[in-house]
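When the chains are written out, they are named A, B, C, D and E in that same order, and each has its own residue count from 1.
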Amino acid sequence: MTSSTAPPESAAPAVSAARPWHRMLSASTLGPLVALLIACVFFSLRTDTFLSGGNLSLVIQQVMVVGTLAIGQTLVILTAGIDLSNGAIMAFGSIVMTKLVVDGHLPPLLAIVIGIGVCAAFGLGNGLLITRISLPPFIVTLGMLNIAFALTHIYSQEETVTGLPTEMTALGNTFSIGETEVTYGSLLTILLFLVFAYVLGQTAWGRRVYAVGNNAEAARLTGIPTRRVLVTVYTVAGVVYGVAALLLVARTGVGDPKAGQTDNLDSITAVVLGGTSLFGGRGLVIGTLLGALIVGVIRNGLQLMGVPSIYQILITGILVILAVSVDQISRRRTR
Amino acid sequence: GNSGSSGAGSASGAAGGAVKVGLITKTDTNPFFVKMKEGAEKEAKANGVTLMTAAGKFDGDNEGQVTAIENMVAAGVKGLLITPNDSKAIVPALEKARAKGVLVIALDTPTEPQTATDALFATDNLKAGELIGQYAKAKMAGKPAKIATLDLAPGISVGILRHDGFLKGFGITQGDPSIVCSQDTSGDQAKGQAAMENCLQKAPDINVVYTINEPAALGAFNALKAKGREKEVLIVSVDGGCTGTKAVKSGQIAATSQQYPLKMASQGVGAVIQYAKTGTKASGYTDTGVTLISDQPVSGVEVKDTGFGLANCWG
Amino acid sequence: MTATAVLSARGLVKRYGHVTALDGSDFDLMPGEVLAVIGDNGAGKSSLIKALTGAVQPDEGEMFLDGRPVRFHNPLDARRNGIETVYQDLALAPALDIATNMFMGREVRRRGPLGTVLRMLDKPHMRSEASRYMSELQIGLRSLAQPVENLSGGQRQGVAVARAAAWAKHVVIMDEPTAALGVKESNQVLELIRRVRDRGLPVVLISHNMPQVFEIADRIHIQRLGRRIAVVRPGDHSMADVVAVMTGALKLDG
Amino acid sequence: MTSSTAPPESAAPAVSAARPWHRMLSASTLGPLVALLIACVFFSLRTDTFLSGGNLSLVIQQVMVVGTLAIGQTLVILTAGIDLSNGAIMAFGSIVMTKLVVDGHLPPLLAIVIGIGVCAAFGLGNGLLITRISLPPFIVTLGMLNIAFALTHIYSQEETVTGLPTEMTALGNTFSIGETEVTYGSLLTILLFLVFAYVLGQTAWGRRVYAVGNNAEAARLTGIPTRRVLVTVYTVAGVVYGVAALLLVARTGVGDPKAGQTDNLDSITAVVLGGTSLFGGRGLVIGTLLGALIVGVIRNGLQLMGVPSIYQILITGILVILAVSVDQISRRRTR
Amino acid sequence: MTATAVLSARGLVKRYGHVTALDGSDFDLMPGEVLAVIGDNGAGKSSLIKALTGAVQPDEGEMFLDGRPVRFHNPLDARRNGIETVYQDLALAPALDIATNMFMGREVRRRGPLGTVLRMLDKPHMRSEASRYMSELQIGLRSLAQPVENLSGGQRQGVAVARAAAWAKHVVIMDEPTAALGVKESNQVLELIRRVRDRGLPVVLISHNMPQVFEIADRIHIQRLGRRIAVVRPGDHSMADVVAVMTGALKLDG
């Protein structure tokens, strides 16, 4: 993250940032991809259970929620911001939508919309505080984290919300491709990644997100409404967190006030593992998907290997560092 | 004797501010402790004393609790009720507090040594684990068991006690071949589900699942349901929250050891009021009890049904 | 002059802490003229045009566009009024490529539903346009897809100049546009400035290159210590005099 | 953190960064100071217990550990890096020094030195990975976090280490100024802040830390051994974490394997609240002290007021955001 | 020439992906001379300088210092050999003040224990020195304590030039040092270059300003498409010819 690492970090994604769509597998995503493949090969060799359609679809299910949060996180980080509040916002959203249905007896669809709306409102709040008073995103989202967290527990009184109607958990249902069961949720997540890859790469708004993160002053001078771009980014991120909330509910089948407490760091990890620079303006959302999968594969693989949990943590630490090293090295190759 | 003590409460209130009682829970994110607070709150109101609450930042956060102790003593509490995140690490801070004449009562989790507190109002987590262990043993009726344990997190005493208790009750020891999978879940439903899913990938024929608490148990149930094996697998748990007890009633969880945080808290507050009024300190260990709840009784283990469970559940 | 100035300012003041960048500076740009702004380093030239284009908010003073009082709260306001600017530090997004920088804030969408519904950018079009602008300036590029941070100093400046020229509708302001440019490229920029003027648009050119200034300017605005101390016509004074005035060695009355 | 906030953020600290010593209370620290004072006044009015020497010295005790960690964090962030591993490194260090004494029967002083050495080694590891393979600090320190965390639990076997000799907890002892008891630890922490304010402001090394964080490429081109500066920064930070470990042991009187799990974010919060930019090169270590105190005062004050714990979290979130707003506004004044 | 070159290079190649910045470029700097390096934008002048000073590692080619083969792994190596460089993008730390930037990497400590034991910097000394260097260039500054990011373009360039001149021991290389400077200030820089040469140090001057080049250069190195295509003496050729060669319009044999 020191600029000393910038040259390798930058040049590559930069080019592609200019047109992600054509270069989804540009240098910035090549590294993560290689790392992911290596991890997969490794675990396939060490366990007989890893390499099965079922297990792979399982991994996707398990990274579905964090992955979706990481989409919003990518948007924010591309603007040179950071969002510590996404996990807490998601948790609050999931409690809102579930309680409205179970206690409030609202129709599920309406409840879902309201839940997502609440998340969007939090995102908007982040955006306004950051642009209007020009506060550092780290502190603003840290504050929001506390606020959303507290509201979640006050509103839910720590009660897990159960007895949800089937509509709310529909995304948890599966359809089968050949042998393997795939949840609709996984599908939605993949879809979201593609949508945002398109939006960031192919629309004016996307280019502006990069421009603002790349050099906010230059963007301002060339007449880009920097603040509006930022506010929309944080709001859109909020909406995405709302979707993540729905996915969470669908996956666990309940509204869980304790959910998402480590998801902020986890989502940032996915973004950075995906080759996006924390200094903004450089990186691809597809890389984030790869980053999330790397983490998911490592956890799943280690558990399949039956590694004791404490050693899982140890090895995860080592593997994460290895993963980015692979990235760095593969980039040197490509230059 | 509420009426009596309430009079005394207001009396001491007349003499320079109402009596302050401090309650420090492990975290803010566990219904168990929320119920504890509710119990304490009710008792405090009834007796016209003020309750101060604080909690650790995460499971195992000792420094946060030390800070809370210091601040409450500075605020002039008469007594402290605490569920220590670290039974040993908290001791020095508690001793400082007691040296300042504060009555210190451990709730739910004993300190090491127990003498570091004036009194302990707790339930025996080892016993809670043991009960579901015995239950599972009996229920398996000699069938070969393939056990998955969904635990709490590294080094959290409750988790360790319940886990060990379960093994004791089931008549096996750590490392027994019948334990095919052990994962930490932080007592979180989503994490519990992921852990169970991975366990099933590793050993599809698991037939007994021990879970640290009911959220984890429900997570495990989801994972099994996805594999269509929820009927064949025996899930046992600990806590006895209302959500959990309902899950027992609906058969998602076979049995759970029910504990009584409300009781611990209200008794604790009562003891502090007693001390404020008469100066007599509560002492020793008061077991607030644990009951095995299940609708599928087995021979040789005492079981109460979910009717009782729901009547006495706390969450 | 009887004609009303296209863009003018009176008594602009800009302070930074205890530093006064603009100390009551006036400014007048007449229709269809090339106005050169010269002055020592730190004389307040860039500050002046930043204030004129909404990049910074002056602490005091007023501005007029076509005689009407205006206030630009940000560069977008100025741009909406057809004022295009090349800032001294270029204002480029280093990681983005030339086309993206040139169309920044004015992206072109595809025709048809792709553009209207899916809001897809017309990248081929933007790229071809960009390369056309660049070649007009005869700035050699080894590759158009490069992020501008990888361009040479002059190439980078070329991008900024081409951008301003391409979009100007009312006024073009260039802060030392040829500073990093080669002989050939500089001449092209002067050519370009003439073409813009011939389109009837007035041009403000900040430059330290006196021969250049005397070659192209209709009037010369001399800035000194945050003030406009004189406005001269190239014909009326020798280069030496003007430099003397600029450096404070010589006073002009009027 | 978006550059749009940079102008206000930068100019002010910039000047002072040029000579912190003369301008300890420059614009970058004025904001936090004002915020701190407001908080103190508020709590003095709302409680009769807050404004007493005893309580204030208590607050300092309570921020002592995070504050010390935040010194190291400041160094790292000034180089445009970030350190997620400091809490875990501290925990490991505290376990090492306590176990060596209790189980290893080493003389306390030696054990302490070794413990600090171990922390320094982790810091060095961070530094080398970041400079040699040029990996992003976020990932490297995240990996180290996992590694140190796991090692702590493996080495301690989850056992809290008790029965420490008095020498090890000496820093927890107090001496009295007038009525008020002050711990030697608090004194050491304050001392450390002054030392690093001096080092950063008045020595060549300090200027280079700023230069590297400010523009690593420029620093490299002007012949500053960028990598060596970074390695030393992370190593020195490691040493500071070692001291924090000692303070932790002195404060709690035990070796606690579960300590410090949220201290990484807490220390970053202190740094950012103190007016230091996460983009590096701008900020003062004294600001970090103020930032740590703000957090400590808020927590202490709210608890004295008897605010229920969950509402404490809620209000903390709001107050943290207010604190930086005060900062921003006071900066606009000063410009 | 019989004298061995102070700094010379043969067949330097630097590729960036599919862009070739240096395509087998040679270079020779003779003792005590002022060598101008000219070329179109993108010709590879800065790349050449960066390769010569260890800022980038050439993919191919060799370098010689006083006839001995050398390889600079980083700018520090070059500096240790007494080579001082003004890079085109100045290499300043924006948030730090002028004195700090000028003494970056060469900070001066207090005399006595304060310096030796406490390693305290002698800021007053550094500041007075810095202001002396700046005033030598006659660059007007409203305040020395400002961070360089707040300086005007020319003032910033002045800082970089002054720094290089102040520390040069063996060779001075300046990449377009006067690009952003005013008339007066530019002349001061030329003055400075002469003084440096009179101290016996050879100077490499990259510039697009032909009159300047012809005024001061002893020899002119013409760079084109990443190669040195000719070396001429100002006396032997007209400015027009040189420009023609530079732009490829004219070939010289030899």
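Quick note on the criterion: a residue touches a chain if its C-beta (ideal position, glycine included) is under 8 Å from a C-beta of that chain, and two chains touch if they have at least 3 such contacts.
Fair warning: this is a prediction, and the values are worked out from it, not measured in the lab.
Considering every other chain in turn, the ones in contact with both chain A and chain B prove to be D. Note on connectivity: the fewest chain-to-chain touch steps from chain A to chain C number 1. Shared contact partners of chain B and chain D are A.
When chain centres are set by their Cα atoms, the one at the greatest distance from chain D is C.
Separating the centre of chain B from that of chain C, both taken as means of CA atoms, is a distance of 71 Å.
Spacing of chain D relative to chain E, judged by their CA centroids, is 42 angstrom. Once the centre of each chain is set as its mean CA position, chain A and chain E turn out to be 47 Å apart.
With each centre defined as the average position of its C-alpha atoms, the distance from chain C to chain E rounds to 28 Å. Residue positions of chain D touching 2 or more other chains: 153, 215, 217, 220, 310, 313. Counting partner chains per residue, chain E shows two or more touched chains at residues 16, 146, 150.
The residues of chain B that reach two or more other chains are 28, 154, listed in rising order.
Residues 10-11, 13-15, 17-19, 198, 202-205, 207-208, 210-211, 214-215, 217-225, 281-282 of chain A are the ones touching chain C in the complex. Those residues of chain B that touch chain D in the complex are listed here as 20, 25, 28, 37, 50, 52-55, 57-58, 60-63, 66-68, 70-72, 74-76, 85-89, 91-93, 154-156, 160.
Of all the residues in chain E, the ones that touch chain D in their complex are 55, 74-76, 78-80, 85, 87, 90-97, 100, 104-105, 107, 109, 118-121, 123, 145-147, 149-150, 163. Looking at the complex, you find that chain A touches chain D at residues 1-9, 79-82, 84, 129-131, 133-140, 142-147, 149-151, 153-154, 212-213, 215-217, 220, 226-227, 230, 265, 268-269, 272-273, 277-280, 310-311, 313-314, 316-318, 320-321, 323-325, 328-329. Interface of chain E with chain C (complex): residues 16, 18-20, 39-43, 46, 88-89, 139-143, 146, 150-155, 158, 176, 179-186, 208-211, 243, 246-247.
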